[in-house]
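The structures come next, written out as structure tokens.
Shared between the two complexes below is subunit A, which has subunit B as its partner in the first and subunit C in the second.
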Partner chain A sequence: MTTATTPPRTAEAPTGVSPRSRPAPRRRPRTDRVYLWFLLPTLVLFTLSITMPAAMGIFYSFTDSVGFGEFNFVGLNNYLVMFSDPAILSSYGFTIGVALCTVILVNVVALTLAIGLTSKIRAKTALRTIFVMPMVVSGIIIAFVFQFIFANTVPATAQALQLGVLEESILADPDLAWISIVLVTAWQAVPQAMLIYIAGLMTVPRDVYEASAIDGASAWKQLRSITLPLISGFVLINVIIGFKDFLGTYEIIVGLTDGGPGTSTRSVAMTIFSGFDNGDYAYQMANSTIFFLITLTIALIQLRLTRGNARI
Partner chain B sequence: MTLPTTTIPGGAASTTPRRSTDNSRRAALPTSRRSDRHRWGTTVLLMLGALTVILPFYVTISMAFKTGEQAVEGEAFALPAPFSVEGFSTAWALTDFPRAFTISILITLATVIGTILLSAMASYAISRNWEKKAYRWAFYYLLAAMFLPFPVLALSQVKLTGMVELANPLGVALLHIMFQISFSTLLFTAFLRSLPAELEESARMDGASTAGAFWRIVFPLMAPMSATVGIFAFLKSWNDFMMPSLIIADPSLQTLPVIQEIFQTQFSNNYHVSFASYLMAMAPAIIAYVISQRWVLSGLTQGAVK
Partner chain C sequence: MQDFNQQASGVRAVHDTSSGLSAGFARGNPPDLGCLNYNYEIVRFQERGAFSDLADLAGEARIAPSIQDLIDQYPTYPGRTSVIPYSMMAAAVLYNEEIFAEHDLSIPTTYSEFLEVCGALEDAGVTPIYSTYADPWTVAQGLVDYSVGGRLDVAEFFEQLRAQGADAGPDAPVSFSRTLREPLEQMLEIAAFSQPGAASRGYGDGNVGFARGDAAMYLQGPWALGEIATINPDARIGIFPLPMTEDPEDLKVRVNLDLALWVPEASNAQEPARELLRYLITPEIADAYNQDNLAFGVREDAPAVQDARLQDLQGFVDRAAFYQGVSQAIPRTIPFENYAQGIVTGQSLEATLRTLDEDWARLARRSETEA
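What follows is the complex of A and B.
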């Protein structure tokens, strides 16, 4: 993200060129019209397909529109109702809880794999290829596959091994279904975090480990007092990016539980999408405005925290 | 299609020597391999971990090649006996695979090409005019969409695309491009920053126009970043479910991932058919990835770290 602040350098201070080879006044003539034509189509299309819907959504959140036809302004009414609506509150509680659990699981697994994959092992390329594979498949399809595994394979295997608890499908249990969502979301999200950690581990100089090994530091001690502090910037970025992504989880829930049993696994995104079916379009627009503000806050925290970290 | 299965433990072990030599050749550090021993314990643990990645693919493949009678028993780990491709032919007809596949490919191609061209051109204009306030603001404006999740915009976009006759694959491609613009512009401007302006200026001295210098000098030099941008656009577009399912009004124009839903509603007990269909939908991306994995991995890493 910090790259956002860096482009000026090329424009103002070309490096590695001696001043006399470049007469200053001729450096930049007038702006070429072409630049404008390079940028304008993107700006127009972007405004029409991103900015306008965003503005529309905020506008309708102050009305009682059902998505079409006439509507009246209702002020902040939608927002006030939202804060006492148990369905909305429980969807936020569920979404944030699942996002937190997934972030922890993803980062522990991804860091472990990254450390393993950057150490001296056999079949490094083959293993790395396999571990990245979840990143290239469709979330909804993999969720369908896991739905079969959780609904049929796991209970059948548990029965054969007499495992008791697991003999019932966790998808059918309102108290346990969320676990399947955390597991599958993590299954698919680990590769990206792992690649970031691998890039991070590459920045740790090898001789630091050699020096500490000579001093007799154990592997665990090395991880705690060398690796983790040196890659803390990467941990931070993974946690924040992950949390932001997992708040928007939708496809995997649709494929696994479709919000059920009952409404026990309904995420915020799913509630918003129901706006057209239930005729509470304006109400869900208020919901998405709040959802946007939450995402924006996390993004701003991310920007602020990573600004000092030039590497990322 | 069988590539993933061949990498189950036995296969991985057999390819070991060649792959690890490849890898040490690429390694930046000249490690003395004779003195440092390979960590077999870690290798074995990672291979066991890799099983959790392979498991769902194994289940998909083994279920897809079963007969209807064997599949309905639900024994996921049992190998297909007898081996049957009936699931594939049924799935092919049920999902009208060639049509869904064509629509998915067209949307993905349009997204990849559109994203690369539009964001490369915009980034070039922005990075070469950074001292002008308007261009700088344009950059932050495009970047702001990174913080706008699709659910927030979805309902309004459904409304708008319906109004302008874009409730179809073309509309989905356009929206896919627009959702990739922020990230891609960020990557391209970061890359252009590292590209010395002298290259284009020497071309200019030879009489090339700004556009000419861009297309003949700068754009080819941006190829590595275009690859990264293209890979991300491909994965996002090819695998997307939410947007096409909401935007495309005509069910006969639906994409490959969305069409898989019929197995949840109408044909929920024909496991061999549904898994054959899932496999056909996943295979193109997996095959493309396995073939070009070294290239894709470096692209994904570059994108992930930014």
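What follows is the complex of A and C.
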């Protein structure tokens, strides 16, 4: 029955094509051994410095190790305790919340800047260079500079202007300190997202804008109906990569609030790290295993989505 | 160090100032001789027998019994002398002698006198206390430790707490909620005399502010004196223990073993390490070190401190009227310093103590299932 509808599985050339012009049946090309040698150093380094430690960490998460000496297997105990530990749960809540807010802020600002910097304006190259600068400054330095700004400059300015609200440093307010972390993380992360958006905007052909301009589309309409759909792949990449990065925020928090006031800004990464020095090695290994699974899931989603959507 | 190298033949000691102690032990490659702050990070190595027995050297070290007790207040490894104390720091309230003299104030010896002093300063338009809430450790080691240590027997409290094991918790007979509540309420009364904006000031700001005379008192240890003297060489600073009761006899100072010596089991050069240790504990070396670093000696016959500012504390040290801070007896897994910061920046004392109790109980349960 089905044979009638399926084309014959023969290698016969379609009629009308001369055998001469048909490309010779090609076997799968063999990879040159040289390429494997190129791979080797990375593979060895990656295995030794990433894969092995990660595997060891997962192994230790099933023990009661404190990082040295003897240890016993405790099965899933670390994981069970973890899920009822308010300190860990709140660190997840805080980290995910901050990552979400930062990702939104970063993408709005980065896209706005990218559109501005790809339009016909003066001193475009100089401006691009300036906007990219935060990227090259180390996070901890940025954090300390902003710590000074939030702790001194902002309250002093607010006092001079009698603003009331900002006169007390937001770093000292357990309910507002997270905002400073979002702002500073975003400040540092915008350039990278902006570069990706600039690259994305350059892929949009000029003639679609010309065509839509002839049809009388406003700039806003162009942005919504042409630019955004055409760079959607870039948006996706920025959102997912950004979210994944912001989950691991560490040095900016250490420099700004060090997890305080109280424990209001303790991120997952900080909690995990505290386990190394505090004899909670195995327990925090369990925490980092869970954290790894979360970021892995996000990475897989990203791979999946970008394969289908963004061909760049 | 150079002197030792000249004397000892065949051994060359190298001073390794790197941190990352945990990593060293995890790799099985710790330093051969440790000479570090005795805190909970060290205690957990000690507790698990990571240090070799130094019982034979303990005799030579002739540690004063009251100071040896400080070691034994933490979990030790049974039947072993794991660490030898080397240097002790005593901390209390630093005060600006000029401001006190100017306003005709004498050193308070009771809690109500202390509040009176603060009130008088405030009335005179002087900030009584410079606080640095932005650095959580300063809150824990200053306000919290002084308030709690001045009121109750810290070592005994932890002994009882540990004896409860996993039965600990906010409603247990001995708990942070029950025992620390009153001292910490007093602490909040004291903290209210801090300068405005203390929440965004850190340790560095505090040293500058106090050295310049922005406030009359500063709850910091002698380690701050060096920096204060650099900022203002003319500052006249005195020290007194924070009175927390109405009885002047209750006055106590906070101490910590700033340096203690140990030789890891995993060291492959234990003999030379012990040789160096023996050299370091000779009176000439140890006494010179402690004088230079504003610290108290730990030997039975250690000489009194020379520094004029610290001499006021010598009597307390001699009488063993001292305690180790409550903040130093809580495993660092529990973010106690952050909790302390939370309390002074307006979070509920009751809720924080409850969390602390729950954290403590959870940790106790965890170590019980593991054992």
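Following the convention adopted for this analysis, the second predicted complex is superposed on the first by the 265 of 312 C-alpha atoms of A that agree within 3 Å, B and C clash if a C-alpha of one lies under 4 Å from a C-alpha of the other, contacts with A are read in each partner's own complex, and residues count from 1 in each chain.
Assume a residue touches a chain if its C-beta (ideal position, glycine included) is under 8 Å from a C-beta of that chain, and two chains touch if they have at least 3 such contacts.
Owing to the predicted nature of the structure, the values given are computational and were not obtained by experimental measurement.
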Have a look and say if subunit B or subunit C is in touch with more residues of subunit A. B
Which of the two partners, first being subunit B and second being subunit C, lies in contact with A:G275: first, second, both, or neither? both
Please work out whether A:A87 is in contact with subunit B alone, subunit C alone, both, or neither, and reply first, second, both or neither. second
Return first, second, both or neither, reflecting whether A:Q192 touches subunit B, subunit C, both chains, or no partner chain. first
Name the contact category of A:V235: first (subunit B only), second (subunit C only), both, or neither. neither
Which partner does A:V106 reach: the first (subunit B), the second (subunit C), both, or neither? neither
First (subunit B), second (subunit C), both or neither touched by A:V74: second
Taking the superposition as given, does A:G248 touch the first partner, subunit B, the second, subunit C, both, or neither? first
Just to be sure I follow: which residues of subunit A are touched by subunit B in one complex and then by subunit C in the other one? 67-68, 152, 258, 275-276, 281
Touching residues of subunit A toward subunit B in the complex: what are they? 3-4, 6-12, 14, 16-17, 28, 31-32, 34-36, 38-39, 41-43, 45-46, 48-50, 52-54, 56-57, 60, 67-68, 113, 116-117, 119-142, 144-146, 148-149, 152-153, 156, 187, 191-192, 195-196, 198-199, 206, 247-248, 250-251, 254, 258, 268-269, 272-273, 275-276, 281, 284-285, 288-289, 291-292, 295-296, 299, 312
Can you list the residues on subunit C that touch subunit A in the complex? 22-23, 25-26, 28, 40-41, 44-45, 48-50, 133-136, 197, 199-202, 331-333, 335, 338-339, 341-343, 345-347, 352, 355, 358-359, 362, 365-366, 369-370
Subunit B - residues contacting subunit A, complex: 4, 7, 12-13, 15-16, 19-20, 22-23, 29, 31, 36-40, 42-43, 45-47, 49-50, 52-57, 59-60, 63, 74-77, 118-119, 121-122, 124-132, 135, 138-143, 145-160, 174-175, 177-179, 181, 186, 189-190, 192-193, 196-198, 209-211, 214, 235, 238-242, 246, 257-258, 260-261, 263-264, 271, 274-275, 278, 281-282, 285-286, 288-290, 293-294, 296-297, 300-301, 304-306
Which residues of subunit A touch subunit C in the complex? 64, 66-69, 72, 74, 77, 81, 85-87, 150-152, 155, 168-169, 171-174, 258-264, 266, 274-281, 283
